[in-house]
Structures are given as C-alpha cells and as structure tokens.
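See the structures that follow.
In the two complexes that follow, chain A is the common piece, with chain B as its partner first and chain C second.
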Partner chain A sequence: MTATTAPEAKLQVLPRADGSAKFSSAGYTVIGSVNGPIEAQRRDEHAYEAHVDVIVRPAAGVGGTRERHLESILQSSLAQLILVKNFPRHLIQIVLQVEETPENDYANAKLVQASLNFPILPALLQTAVLALLSASVPMRATATASFVAVLSQDGTNKVVVDPPPRDIETARSVHVLAFTSHDELLLAESEGDFTVKEWDDVYDTAKRICCQSGGAKTGIEMELDDAGDNGLDMRRFLRSAVETKVEADLHWK
Partner chain B sequence: MAATDRIIVLPGDTIDPAVIPTPRRNAIRLGPGLRHVQATNSIVPTVAGQLITDHGKGSMWVESSTGHYIPAISDLVIGQITRSQGDYYLVNLSPYTPNATLPHLSFEAATKKTRPQLNPGALVYARVTLANRHMDPELECVSQTTGKGDGLGPLTGGMVFDVSLGMARRLLLSKPREYGGVAVLELLADEGLAFETAVGRNGKVWVGSDKSEANTRMVIAVGRALRETDERGLDVEAQKKLVRRIMKELSR
Partner chain C sequence: MPREAEPSLNERQFVLQALRENLRLDGRPFDKYRPVELIFGEQYGVVEVSFGKTKILAKTSAELTVPYVDRPLDGIFTIATELSPMTAPSFEVNRPTETEVLLSRLLEKTVRRSGALDTESLCLVAGQKCWSVRVDVHVLSHDGDLTDAACLAVVAALRHFRKPDTSIEGGLLTVYTPAEREPVPLSWLHSPFCVTWSFYGDQGEMALLDATLSEEHVRVGSCTISMNRHGEICQIAKLGGTPVDAVALLQCTNVALVKVKDFSAFLDRKLAEDAKRRDKGGLMAELSAENDR
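Let's look at the complex of A and B:
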C-alpha cells in the first residue's frame, strides 16, 4: 500500500451506535463510534460538564500504555471541541477501533511500547471528529489533523507530509498538528531534534493542509490549490464527506 | 426545495448574515443546532445539517436526523415506566439516559383515588414540560390549560418500534406525505388495515390495534414497513412497492 493514499470516509457505518464513521488515510483505517450524551457513571460524573471518554483499541491485541497515552491526548483535544458545558453529569463515549495499519502490528509491536505512535494520531482524531458529527453531538467547531515529518536527504532537510513508514523510522523529527475550523491550533505533538525554523516550516505546511478555506472557494481558486503542494485539503474533504451524508439523510426535504 | 439552494452547515461555520431572518417585531427564534455566541454576537451552528430559515416566523434551525435524543420542552415522547417513586413515575425516554419524572396526577381526570396504576414496563405518550441541562426532564400526560388528555396517556396493547430521530420528526410533521415524504402509513390504511399510531420525538413509534392473532401480524408488518422506509431511505414510489409486497404477504 502506498502511504500517500487519498483520505476516504464513510459516516454512520454501525447501525446500533448513535454515530459512527470509518476513515482511512495514509495506510491507516479506523472505525469510530460515538454514543452520547448518556448517563455517566458516578465516578465519572462531573457537576458542570460532560465527561468525554475516549477508548482506543489497537488492530491486534489489547490496548496498553501506548493506547492510554493516545487516549489522553485525544480526550483533551476533543473536550475542547465538544460543548461539554451543555451536558453536565453526562458522558460522551468515543470508541476508536484501529482496523488497518501500514506496518504489521503483529510483529515487534511491543518493542516500541514506550514511544508515542505518532503517524496514527491524525487518523484517530479525524475519525473521532467524523463520528461526533455523525452523532450530532453539539460542538464548538470541527477539526482537521495532519502528520508531518522532517527528513534529512542529501544533507538538506525536507518537510514531508504523510511519509511512508520506512521514512518515519529515519526521520529527524515527526510532528502531529491539528487545527480547528477557526484556524486555531488544537494539538501539537513533536518528537525528535528540530530547530525553531524547522518547526515553523512544519507549522506552515500543516496549516496549509488543514486550514484551506474549504467550500467557500470558486472554481479557479480550487484549481490553483490543486496545482500547488500535494493538493491535500483536509477541510474540504471533511466537508464533502459530511455533506454527502446529510444530503442522503435529508432526501425527503 | 431544489438541491442547489440547500445550505449545509458544519459546527462552527459562519452563517451568511443575508440568510438570517430579521423579524420586525419579535426577537429571532433559534431552533435546535444553533447557539448564540455573546462575545462576537453571532449565530453559530453546533451540529452538521441543513440550515433552514423561516423569514415569515423569524426562526431558524439546523435540520439533522441522527444522534441521541436530547429532550426539549413540548416534545411529544413515548416513554417506558421504570418504576414508581413517591408521587412520580420514573420514565425512560432513551437508552442509558437518566429517567424522566411523570407526576402520578398529571393524567386526564386523575385524582388521588382514580389515577392510572402503571406497572414497570408500561408505555406512556407524554409531553416534555421541563428540559434543563442541570435537571432530569419532567413529563405530563394532560394539558395544563384545558385539563384534557389530547391523546396523551398510557398506551395499551400494540408494540413500539425504534426509528431514527429524523424519521420521527418526519412522521410528526402536519402532513407527513407532502412535507416529510412518508406515505407508508397512509398507503397501508388505504389498503384497509385498521391500526393506530403514536409517534414520539425520541425516535419511537407505537403501533396499536385490538388484540387478536391477525392484528398482531398486522402491527408487526406496519412497524417493519416504517423501519424499512427509514433504514433504506425509501421515496414515495418505493414505499408504494413496499406496501404492495406487505399486503401480498399478509393475505397469505
């Protein structure tokens, strides 16, 4: 599988959940389900806001420390998006099941247990946002995420979006950035050696992917965008996935 | 409405001020899926769906058909009695949510001596009178002003079928066939089936009839027809076909 596959998404894939989504990008496929707002258990209950519960399940085996770490990152990002104050004493449960990864998860997965699994983070976040939209959970804004690595090739450093797994292993630094639909930085996780200048380059690249002006563009601008960079526009992708679903649901309108 | 002039919004989108209705006298009324942000004095969608504006009534809302039921005042709902506690029945409106309360005396012509005795599992058709994020919802089965039931009250016999929130909303429109594109109930009634229905905004439809084996078959057929219309997104033509098939199966 090539690492630069175009993202794909399908909403409302599970019949019993309040909302669900299947998202695949860069060799990762994740299914997410959202239930809520539902009654929270006494120990999770918060008097003034909803408890957001994120569960990450790996493609193989049971979740461990790595998954708990991913969950805590996702939980704090998603709680920023969801209007948690609207549902005090409630629970919003988000389950993310990894279906497919570019590497073989069955082999030597536990060797790198201590490190954070960076390349999967954007796929998990994107699935969660799509599933939340599918469940009509009231939100402040939507979000888009991207994975960027700084590779050192022939003595020069290059900023690459969604590099293949082999390049990630040799990358000087890897970064995950997510932005809300109001162009605010929602999540920034970095690993490796990098300078401030490199981080600025990474930030600009990620922002270009995540924060293009989306559906408001006219035809000629769209063509110009596709010509530059790699044409990846997460915001437009998110909008078109949701629009397709909404139009199918409201066929009677 | 043509597909081209649909406005589909996502949470946090900016709404074009030109589409926001400006009623001359009253304040603008915001329906589900919208919130007013005081800091920027703007109206922002909170769910994904189609933005609907009514310039005549000065109201706007976001039409979406999925998700978990969130109680809102004056919604008609179908609830299941969990138990009786003090002067209240505790009523379940949707799975895994806190119970709503229904006072023993808010039924038509109910007094301390002549109130309906409802056992756990009994069904009621009720109206939401209190929906507040900090409190559990409250229900009533009688109109506060007239003291009449207006069709609300215990539902006896029949069965309840789960449908999507969007389907429940379509069935509750004043003319489901014209405005909501649901003709399946009308078509089945035209074929000579005799049944009653009650639609709850919480995604539940009750189908009732007299108790007999033939009627039980019919109730299940009607309920399944509704669910199939909902799940497969059938249009009126496809619903006609579905009804013909059901009638053939029932006559066997």
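Let's look at the complex of A and C:
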C-alpha cells in the first residue's frame, strides 16, 4: 500500500453519536465519535470546567500503556481547544477507533499486543477535531497536525512528511507537530536524536503544511508553492471537509 | 456516563399498536432485513458491515504463539467483542454489560464451537508453535440486531483474511513476509450465520426479523438461530422471555434457512468481487502458494 495517499474525511458517519467523523491519511483510517456535553460521573466531575475524556481503541488487540499515553497527549491538547469553562460539571467524550494502519510488507507485525505510536497521532488529532466540529462543540480554534521524520540518506539528512512505515523504522528522529488555526503551536512531540537546526527545519516544514493561509495564491507564489512538498495543505483540507458537509446539509434551502 | 433512555409509554404503545396492524415503523414486511451493506477494507481481514443504522467493524489478525498445554495440536482462535462508548455513552470501557456478554457468547457458540475454522490447521509444530487467530468486533453504531450483523462481519472477516505463509524444512520453521510470499487464506470449513427473531404479543404470536432498537425495547422474547446454508443448525438460543409455540418456532427455523442461504450467496458474491478487484493483471493464481485441498 502506498503511504502517500491524500487525506480524506467524511463527517457525521454514525447516526447515533452527537458528532462523528471518519478520516484517512497516509494509510491510517480512524473513525471518531463525540458525545457531549453530557452528564459527568461523580469522579470525573470538575466544578469549574468540562471534563474531556479521550478514548483511543486499537483495531486489533486491547489497548495498553501506549494508547493511554496517546490519550493523555490528545486530552491535554483538545482541552486547550474546547471551551471547557462553558460547561462546568459536564463531560465531553471523544472515542477514537483506529480502523486501519499501514502494514509493513517486509516484516511480520506482532498484532495481538497492540502498539500504536507517534505516526498515528496526527490522524487521531485530526479525526477528533473533525468530530468535534461535527458535534458543534464550541471551540476556541481548530487544529491541524502533521507527521514529519528526519531521514539520513547517504550521509545527508532529509526532512520527509508522512514517510512509509519502513522509513519510520530507520528514521533518525520523528516529530508530530500541531498548530491551531491562529498559527500557534499546539503540540510538539519528538522521538530520536536531532539537533536544534533540524528541529527548526521540521518546524518550518510542519508549519507550511498546517498553516497555509488557504486563500487562492497567484503568480510566482503559486508556482513556488507547487514546487514544495506535494502541496499538502491541512487547513484548506479541514475547511473543505466541513464546507462539503454544510453544503450537503443545506441542500434543501 | 448517563443511563440509556428507555422508550416512553407512548413510544411503546405506538410501536406495538402498529405491529398489531401489521405495520413496522420503517414499512418493512415482518420477515425482511434492512438493506445489508458489506465493505472490505484495504487490508485483508478488515470488514465493515451495516444493517440499516447498525454498523459493525471486524478485524482479523494472526500471531505466532505457543499452543495451550492441554491442547498441543490445536491453534488458538478467539473472538473479542467490546462495546465502546462510541456505540452509546452508557457503555463504559472495561465494564462489560449484558448486551456485550450475550453477544460474545452467541458469536462464540456460532463460529467457534461449530468448528467453522479448522483450528488443527493453525498448529505448526505440535506443542511448540501455532497461530493465534483473533477477531476483534467493534460495534460502531447500535440500532438493533447486533448479533446477526456481528456474525456476518466475523464470518466475512475470517474468510477474507490471509495469514503469512510458512514452511518447515528440517525442523526449521520459516514465516514468510507478505513481500516474500503471498499470504494464504485460513482453512475454512463452513459458514454459519445468525438469524434473530423477536416475538411480540401475549403468547409471542408475532415474529419479526431484524428488529430495530426501538422494536427490541418492546419485544417479549427473542430467539437466535445459527445455521449454515446446508441447513445444519449450530445453535438455538432462546434466553428467557415469553414461551413460544413449538410449531411457530419450527416455522421460524424454516424461514431462517432461506435467510441464511441469502447471506451465504451475498457473502460469496462480495468475496468474489473483492478478489477480482485485488487480482490486478491476473497474477494472483501464479503468486499463490496455496495447495488444493
């Protein structure tokens, strides 16, 4: 399976949840549902803000510490976006079900012990944001995320966006960066050896993917843009996914 | 996490009165399923089944392990069912509800105990190495008739699945990666399907197929019949509820056989379509390392 597939999203795929979304990108497919604001259990209740509950479920096997780790990262990022102070003593429940992860044809994976990791984090975050939008949960801003790896090829380091699973194994370092719609850095997780210079490169690459202005570009700017890494623009993608849904919903008007 | 809202008295009366007038809320005849959809994933062994608004995702995976000490010649086959809060916020993680226990029990009886998968073929080295095949059933959306949908999803996922090819030469076991050798299908013996009847009325005289959630809430009893297309019954579960006339139950099994034949033909067609889609350039026959049985 080729890993460089364009992102795809569909909103409101589950009839019973308040909001739901299906997102697939780079071989990952995640389906997410949001229920909320609903009544919180006594132990989760905060007196001044809503409790954001994130549940990550792997496609095969039971979740372990890795899933709990991803949950905690997502929980703290999403709590920044959602206007939690508006709903004291409430719960906003986000369930993210992984459907497919890209397979490495050159190795037999150990599947029963589920092991999700960093590469899936952008897909999870993007699904959560789309599902929250679909559930009309009030948010401060939306967010876009990207996965960037630094590969060392013939002695030179190369910054690659969404590399295939085989390259991730040999990458020197992998990074997950997310930005809000106000161009603020929301999440930065890194793994491996890297220098400050490399991180700056990664930051610039990720920012280009996540924070393009989205408007139509003209002349030389457009040409330069097309020459960049496959013109991936997460913000425009997010906007168009929601626009398509709204258009379909308001078709009767 | 709030409790699931039960249907009000008015809702109950409405559904029941309609049934008494031979009407269902969605206008279906009593013995007709909602439109069944089945989509295979990009990978082998991933399938999404939907019956109307009920949606189920099943994923099959295989791993090498050591067989159980008391069964050294058998591989391991498990079906894991968990209802997440995605289904409804009233379900909690790691706290099985009655629905979930009944569902996994019925799937276990239908697929595992009926010997649909030949577990002996999963054993590679007696007492040392075997395959552990696992099917994960994820309920994405619950609108009644979970058992039938989940059973179809499990059977479809297992029949679609391919495990890595292996060879033993001079006591040395080699497991080939998908890049080296085309993965092989599981040794599948027969395809059982579940058909669930819901009963209504004081003596359970009305029987409905594929009840939606609101219809499930007001039923007086239910009966799940599992059989394959040859009419061999794997199990019948009638768990409590109002007693039903034996002759009526016989009639139910006859109709169930027709439905099972439909399911079987539907799944065969879908699998053939998917095989055709994957068979790019007609190379699959040459790549396959599988021997004829």
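Here is the rule we use: the second predicted complex is superposed on the first by the 226 of 253 C-alpha atoms of A that agree within 3 Å, B and C clash if a C-alpha of one lies under 4 Å from a C-alpha of the other, contacts with A are read in each partner's own complex, and residues count from 1 in each chain.
Here, contacts are C-beta pairs under 8 Å (C-beta built on N, C-alpha and C of every residue); 3 or more make two chains touch, one makes a residue touch a chain.
Computed from a predicted structure; not experimentally measured.
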Would you check which partner chain A:Ala188 touches, where first means chain B only, second means chain C only, and both and neither mean what they say?
neither
Is A:Asn35 touching the first partner chain B, the second partner chain C, both, or neither of them?
both
So, does A:Leu151 touch the first partner chain B, the second partner chain C, both, or neither?
neither
Contacts for A:Glu99 in the overlay, against chain B (first) and chain C (second): which applies, first, second, both or neither?
second
More residues of chain A in touch with chain C or with chain B?
B
In the overlay, answer first, second, both or neither for which of chain B and chain C A:Ile55 touches.
second
With both complexes superposed on chain A, which partner does A:Thr142 reach: first (chain B), second (chain C), both or neither?
first
For A:Ala79, decide between first (touching chain B), second (touching chain C), both and neither.
neither
Would you mind listing the overlap between the chain B footprint and the chain C footprint on chain A?
15, 35, 38-39
Of all residues in chain C, which touch chain A in the complex?
1-2, 41-43, 46, 48, 53, 55, 57, 59-63, 65, 80, 82, 84-89, 93, 132, 134, 136, 138, 140-143, 164, 175, 177-179
In their shared complex, chain B is touched by residues of chain A numbered 12, 15, 18-19, 35-39, 81, 83, 86-89, 133-142, 180-182, 238-239, 242-243, 245-253
In the complex formed with chain C, which residues of chain A make contact?
1, 14-17, 29, 31, 33, 35, 38-39, 41, 55, 57, 59-62, 91, 93, 95, 97, 99-100, 103, 105-108, 110-112
Going by the contact rule set out above, which residues of chain B touch chain A in the complex?
1, 3, 6, 8, 10-13, 33, 35, 46-50, 63-68, 70, 95-98, 133-134, 166, 170, 180-182, 231, 233, 235
